[in-house]
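Chain lettering (A, B, C and D) follows the sequence in which the chains are written, and residue indices restart at 1 in each chain.
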Amino acid sequence: MKKNRVEAFSDGVIAIIITIMVLELRVPHGEDFETLTPLIPVFLSYVLSFVYLGIYWNNHHHMLNAVQSVTGAILWANLHLLFWLSLVPFATGWMGENHFAPVPSALYGLVLLMAGVAYLILQQLIIKSQGPDSILKKAVRRDWKGKLSPVLYAAAIALAFRWEWITLGLYVLVALIWLIPDRRIEKILRSGAQE
Amino acid sequence: MKKNRVEAFSDGVIAIIITIMVLELRVPHGEDFETLTPLIPVFLSYVLSFVYLGIYWNNHHHMLNAVQSVTGAILWANLHLLFWLSLVPFATGWMGENHFAPVPSALYGLVLLMAGVAYLILQQLIIKSQGPDSILKKAVRRDWKGKLSPVLYAAAIALAFRWEWITLGLYVLVALIWLIPDRRIEKILRSGAQE
Amino acid sequence: MKKNRVEAFSDGVIAIIITIMVLELRVPHGEDFETLTPLIPVFLSYVLSFVYLGIYWNNHHHMLNAVQSVTGAILWANLHLLFWLSLVPFATGWMGENHFAPVPSALYGLVLLMAGVAYLILQQLIIKSQGPDSILKKAVRRDWKGKLSPVLYAAAIALAFRWEWITLGLYVLVALIWLIPDRRIEKILRSGAQE
Amino acid sequence: MKKNRVEAFSDGVIAIIITIMVLELRVPHGEDFETLTPLIPVFLSYVLSFVYLGIYWNNHHHMLNAVQSVTGAILWANLHLLFWLSLVPFATGWMGENHFAPVPSALYGLVLLMAGVAYLILQQLIIKSQGPDSILKKAVRRDWKGKLSPVLYAAAIALAFRWEWITLGLYVLVALIWLIPDRRIEKILRSGAQE
């Protein structure tokens, strides 16, 4: 039951974040096609962040499936992850309204990096709580995505001040890498259920 | 359990979309009846979009009742649907504030069209996941509503630049067509339960 | 299961309405006590609407406890109720910012009246769906609150243009009448469970 | 079932409060590091309030675990708590935008104090509803945190007009005291389950 409430709360927060983000797409004054033009970068950064939050919701969903009991530390690690995700709308809006300028693009990467780190901390705490036979540990054994993403984010932040389009390209790349849903946990869980 | 979380997340997102849409109805300065006059088109477009989102929630509700297990593809098709629905408040506000002008009315239709397409994709993926004996396939066999709506939306978009009131009339018409809740799935499900 | 999703969706919408209402309390510019003074009527109307939404959530909660199955008509009657409740933040903000001026106060009453009517429609549909032995019908047999409230709202609307403080007093009075939770349904349900 | 809906509604409201609070972090005009500088106090007060709401969610979660049945009085005491929590975004925004000036800092403390009092009232009503063998009563027997916090808030409010940094320090201190999750209830519950 406890786990259900953590899931419900996380779902609620992620659902609200993903939805209030669209409020940055402010209704323009004017009724022509041209009034939409300055909104295009805001829209594109909205699409990117929507995909990222979808990925987080998706993976969070899979990861919590593998959890048996929620400790105080897991609760706070989860809130810590939600904290960084809650900054995504701000970073998205700032990046979009400044047409992917260096500093806003770097800040966007920083928020993604911190969310990624928060996700790894949550993962480690769940593994630790499950003891030596952790089902999650087996599932993420070759977690090259989780290890590669922070490196790519860090590279994107560093490059933002010289080649901002490479930065943006890296954000799209990381999203594409993760877009393939995390079938590893699903597979292990399924084989565990069959035994 | 997995399905429950998808339902809960979708409910959350649709509930937030339907509610933040009312924020476009900005509190006017002035305390007379007249200060409400410019808000009338914003209010009417709010009513229309509220009905549309109610229809989507309603049909989504029925469709997911027929789902047994949620695959990664279904999860993403569902997020894709929620993405287009999340743009409804923006399109509603723009159309309302510009008193149903051609371009905003066409954009509104485009968002509805894309949401309709996203709904059909989700439906197809669920049918595919259920195999040859899909309960949903039987239920939507004569899905004339689902096939007619995109045609009417496309006509509405094309007509927006000449006869914007026909466009608006078509949006109302499609809403009325759907307002009758989707009893087909319910009926098939019920007969399935009785066998 | 179906009922659970209707409850969850309604809870979500009411929770969002009650919370975004606080956004009308805009953070003032200035750091003195005096900058809060113009916010006092906005705050007081927020308190009043918070209580009203709490009453609706509470009674909705009790009423749905008595529901066995949700029909399409009940679903739409519920959305109709949520529609009028979604206009409460707008009416609250307009009334508060205009210091309880006649027209905004009357509009506030109109929204409450429509929500009250929508609640009664929902109640009738549930009773009808339950047939002659409706548990809800017994519970609301002497529903003097439900019958008195619309009369008081109508009186408040009519009086708003002459004696606006009586109008406000009537809104407070109706809230106080309802504040006492609806123990009738609870009692009947409990006695039904004991038989 | 009843309890679940109270939990779900509370989770929804707290999730929305925690998320709309980030809307006070307005996207700045300008693309340099310097444009972020005036946002730093707003950000810091956001972090503080995020932690406070996390603590409330966490403790609320534990407290409701100990509840068997929800009375009307408990429902309203819960709404009363949510009311004060709903004012946290306003108080946070006002304090942050005025760089922790005396009056806004005192108001922030007042909202925290009232939320703390509302929490204690809810706790008392639950204990009362459980009768002499209340499991919650045992759990909070030595509730030094709950008794110390209001004293510290009151001190912080009084000191705000002279030493505003001590006020801020006290808010951080109370948050740190509570950050350690309430293991007392968990422990008692667990030992009760083992008997």
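We take it that a contact is a pair of C-beta atoms (placed from the backbone, for glycine too) under 8 Å apart; a residue touches a chain by one contact, two chains touch by 3 or more.
Remember, it's a predicted structure, so these values are computed and weren't measured experimentally.
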Worksheet item: So which chains count as neighbours of both subunit B and subunit C?
Response: none
Item to complete: Could you tell me which chain lies farthest from subunit A when each chain's centre is the average position of its Cα atoms?
Response: C
Item to complete: Return the distance between the CA-based centres of subunit A and subunit B, expressed in whole Å.
Response: 26
Worksheet item: What is the distance, in whole Å, between the centres of subunit B and subunit D, each centre taken as the mean of its C-alpha atoms?
Response: 37
Worksheet entry | Contacts with two or more other chains, residues of subunit B listed in rising order | 8, 12, 16, 20, 23
Practice prompt. Please categorise the chain-chain contact pattern as a line, ring, star, complete graph or other.
Written response: ring
Discussion item. Looking at the complex, which residues from subunit A come into contact with subunit D?
Written reply: 1-2, 5, 8-9, 12-13, 16-17, 20, 23-24, 72, 75-76, 79, 82-83, 86-87, 89-90, 93-94, 97-98, 101-104, 107
Practice prompt. Quick one: which bits of subunit D touch subunit A in the complex? Just the residue numbers, please.
Written response: 7-8, 11-12, 14-16, 18-20, 22-23, 25, 27-33, 36, 47, 50, 54, 57-58, 61, 65, 179-181, 183, 186
